[in-house]
Amino acid sequence: MGTTMGIKIGILGATGYTGSELLRLVVNHGGVQISWLTTEKFAGQKIAEVFPQLSGFLDVECVSVRNIGFLEEVDLVFSCLPHGSSKYFVNKMLDNGARVIDFSSDYRFSKDAVYGLPEINKENVVDAKLVANPGCYATTVILGLAPLASEGLLASDLIVADIKAGISGGGRAPNLAHHFSEANQDINIGSVSAHEQKTEMEYKLSKLSGSKLRLSFIPHTAPIDRGILATIYCRFNKKISIERAHKIYEKFYNQKKFIRVFENGEFPSTKNVRYSNICDIGVGFQDDIFVVVVAIDNLGKGASGQAVQNMNLMLDFPEDQGLTAAAIYP
Amino acid sequence: MGTTMGIKIGILGATGYTGSELLRLVVNHGGVQISWLTTEKFAGQKIAEVFPQLSGFLDVECVSVRNIGFLEEVDLVFSCLPHGSSKYFVNKMLDNGARVIDFSSDYRFSKDAVYGLPEINKENVVDAKLVANPGCYATTVILGLAPLASEGLLASDLIVADIKAGISGGGRAPNLAHHFSEANQDINIGSVSAHEQKTEMEYKLSKLSGSKLRLSFIPHTAPIDRGILATIYCRFNKKISIERAHKIYEKFYNQKKFIRVFENGEFPSTKNVRYSNICDIGVGFQDDIFVVVVAIDNLGKGASGQAVQNMNLMLDFPEDQGLTAAAIYP
Amino acid sequence: MGTTMGIKIGILGATGYTGSELLRLVVNHGGVQISWLTTEKFAGQKIAEVFPQLSGFLDVECVSVRNIGFLEEVDLVFSCLPHGSSKYFVNKMLDNGARVIDFSSDYRFSKDAVYGLPEINKENVVDAKLVANPGCYATTVILGLAPLASEGLLASDLIVADIKAGISGGGRAPNLAHHFSEANQDINIGSVSAHEQKTEMEYKLSKLSGSKLRLSFIPHTAPIDRGILATIYCRFNKKISIERAHKIYEKFYNQKKFIRVFENGEFPSTKNVRYSNICDIGVGFQDDIFVVVVAIDNLGKGASGQAVQNMNLMLDFPEDQGLTAAAIYP
Amino acid sequence: MGTTMGIKIGILGATGYTGSELLRLVVNHGGVQISWLTTEKFAGQKIAEVFPQLSGFLDVECVSVRNIGFLEEVDLVFSCLPHGSSKYFVNKMLDNGARVIDFSSDYRFSKDAVYGLPEINKENVVDAKLVANPGCYATTVILGLAPLASEGLLASDLIVADIKAGISGGGRAPNLAHHFSEANQDINIGSVSAHEQKTEMEYKLSKLSGSKLRLSFIPHTAPIDRGILATIYCRFNKKISIERAHKIYEKFYNQKKFIRVFENGEFPSTKNVRYSNICDIGVGFQDDIFVVVVAIDNLGKGASGQAVQNMNLMLDFPEDQGLTAAAIYP
């Protein structure tokens, strides 16, 4: 098992919301130490000036990524940089000998990286040099459908994944759509066009299924801080009872610490997983449509929690170290 | 056109949320006068003690429905009583010679009543003695699909109506699920079982279509005060371009004052219709799935606004009298 | 009384929150017509593209204030431009022969303008060429203390005005503090230093009192869209019973349409005045401290509602034309 | 130091909000074990049925307090029972040899109990048999004024404590005032009459001061889940510079783990302490009025967090065991 001394980590792009959640989790982890963190907007400031809630918990000065050549060598780097700009810095870190967990979509389809969804890919994560941390929507839908895809049960003519998500998924940079007086009291839909994570879902689920799967996927936004609720409508290619369907889920997620499969008639809500790494799943029929309901925290299991879970596997910590907290309530 | 003097209305069950919204609209209407209103919980109190925001606007004492025999004769009665208990009192009112608009589901499938969705049924509402005011979810989905159903374009193998709704739809009686500290920050799903308004949607859409239509429908709750956003996924039974689809909607809702069909690529959000009687509709394709997005205010076009619209038609007021306000913002 | 034909208005800086509320009120007013409106950010766009909720209600193209020389002559101009930049354009409008209502603080201490708080200054507003619309905090505190100041009852050693306000008061320009994920779930205090409207309160209350009054005033922010609740703690310079205090308020605000003085033991809340032009006031003692609680809508009586009230007085409309709506609920 | 084996606790009244927060903290504590918990409403149910977020974290069946005679002997009991009914059961527990931490106000003025505010009373808590856990408002105001009271600096003619608090402080029992559609978007004041915790503040601060102190105190409610922000206005009885005032606070709270005294010009907000046991304090002058701003989480340092801190002291755990988490964000 890892020990505190010696295990050093760095964070690229630490002052967005995935960064702040990562900091909160790492501070509580007890097994690793933050050597440095980068941010362009707040370079030169103490991290507790950027995030006052960390005052007394973390005393590190933010540096610009332009100083990357002078940064201390670390064992593992989290890159929370945005899509597109992450790749360049990830490669630099790999060249320096660090292992990397990348939050962007830059490596999710790449053979050079392991897709970091431990519930379906744990053994590969353990030895990975580079882990591509899944998208938050993709995590939700893949975890919801993986048991059915693996059993080859999904009829291909109908899979609709309707997602409702909180505002923090839109990032920390101020913009009109996420201004309080605009976003509060509003439920909206960005667009009905295909979202980039649709491909991610289809790609991974097709692999699990062994045959090409296509789905419809639309994310909506509602005024909560954290959380994703996915309602997935699908059909089976043969008759399956609700009891049998339940068993398939329970078996698939047996011994998976962060997945809770609900009892018949019970369904998840975002509130039960907030600020945790847990993924709740409930299933049921409406007529002949099978409905899978999945809830995660977009910054927890949907991003930074999952990244810490990946780190634990890579560095030989218990899989749930630093991730054992129940959801906050009320 | 109606004149103020002489047109008297009564309200059964006035102290829930449909009642309070009805009072707000009627106070602003200018053409009718509230003779009495009933409530069991607050009987004997002034209405402004129950709803302080009406202080200075309406000075009526609440009475129990048990005093129904002693109430002044009125021209029209709104019944906001719950399903089941409404029927008895509606009949009593009809016997007294009043015309009635009933908010409950008691008469929505009855030949004795006219279904009060003016955009598809205006001419029948005008002369109706009894109007069954539609359910809020049914209003949303029927308005979203009526143009396609009327043209017989819907493929019957896939219609999914995923609804996100605000908390006020759950009523004013305190309960744990709608306690602030429980409902705030939560997105949840009640159940995946068939909701009673599913039958209402299927029944009315099948009538419009001329053939039996079935759909999947699940309502979700998100922490906004007012509003319903429906995302409806369907398939056509023949190839239709987006331009053609748009034209079908524009033609169907031509000259309908409360329906706004959005331009290509634009989609509704609950914020643009709050506290109004407007229904916004946007459409688009994701691959071969046609997506219809509909937004209304659950207490506006979904209940009390629609009831006032029905009253206007019944009493020969302009259809939009008392309903001309734009949505509030921000 | 004014008639629709001929009464034309222009709006400078129409696309902030005071502007959008003003548009909503003017659209419903029925007595005036918007000739033009300016905005720098959205010049060239239709106003309904900026504010989709106005689609179907107002069809005007936004122009830049740089085109001010080419604008149609109007009877009255509302300037929603920010402090500092308003003065220049207000003067230009006055030179053109328009009467002006200025939302900024630029003229609130000027002899060239009438302070537009009709409850204490109505007769001067009627004939004013230029009205300085009061600040939202100042409106709240002055209305709360005016009856006591006028009677010379305030002991000068203790006046504390603690204000809690919604987010829309911070304007529409996106910034980190008002980003949804930052502002939601937070109650905060900007600073304890003297706010600029403190001087406005002291200046007007001293005038009413006939002697110099000083007070402590701190605004706080809580996550509601609209509303200000002021809790004002003060002492009398002689013994006054609660009944006597009540009478002083009722007499002072007798026949004032927008002021509701609450009965003994009842206190205002922001919810009862939302989206209205109403100001609710409740008073009581805690030991020997007299507590005045005042609620208004910051964009209603605190800004655009009050501006329309001033316009009504200036143009000889009924004082409450376009302002007769009760607060929205729930 | 305490060890897990053998240290058993019981909880009376575990299914309100102080109970649920206590459970969350105790589950994460690692040093104690829950033997039993009582609840009247949910007796017979598993605790994870009452609080689904605890599913997989705690597997205990709820019992009625009427079974108190059959409960296992424990080392320490938390009583979250309401004022009035707590006393009887607390005495029973003491008779059984358990030490007790009582959340109610029943013992806050009693010589038989130690007042459990460790920052001013740590040494007495350590050996206490019965600890009276302070009120949430009292905690906020006492921590805000203790440094000044201890130095005898407070002028007695003016102390106003204006408090803004979240909804969870109102408890978990459904009622109209805390119904989502009522409480959301509202800032309100219950009453201006003296609140029961006013006496608690005056009593403890007078003891610290050595002279009788009186203050005005009014709590307000705003729509956040958790948190209290107190703005305290006071005057000194001699001239003190801001630098001197700062030093007094820093010295008083030196080495106090849960108190963060902010730098000059910086002020607390509820967001920085949510779901933590931290108390943030900022101070400054407005003219000659000294303003103290204090933020805590009402269920954290205001109730259950403080109770765990007291337990740690009583059972010889590190004072912050189970309480080391930073505030959640965003």
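In this document, chain identifiers A, B, C and D correspond to the written order of the chains, with residue numbering beginning at 1 in each.
Following the convention adopted for this analysis, a residue touches a chain if its C-beta (ideal position, glycine included) is under 8 Å from a C-beta of that chain, and two chains touch if they have at least 3 such contacts.
On a predicted model such as this, the values are computed, not experimentally measured, just so you know.
Interface comparison, C-D versus A-C: the pair with the greater number of contacting C-beta pairs is C-D.
The chain with its CA mean position farthest from that of chain A is C. For this pair, chain B with chain C, the centres built from the Cα atoms lie 35 Å apart.
Computed centre separation for the pair chain C/chain D is 39 angstrom, with centres defined by C-alpha atoms.
Chain A and chain C have Cα centroids separated by 46 Å.
For chain B, the set of residues touching two or more other chains reads 17, 168, 172, 181-182, 185, 223, 225-226, 271, 330. Across the complex, chain D is touched by residues 17, 20-21, 24, 27-28, 51-57, 168, 172, 185, 225-226, 260, 266, 269, 271-273, 275-276, 278, 324-330 of chain A. Here chain A touches chain C in the complex through residues 17, 167-168, 172, 174-176, 178-185, 223, 225, going by the rule given at the top.
Those residues of chain C whose C-beta lies close enough to touch chain D in the complex are 157-158, 160, 162, 164, 166, 181-182, 185-189, 191-194, 214, 216-218, 220, 222-227, 229, 231, 233, 265, 267-271, 274, 284-287, 289, 291, 293, 330.
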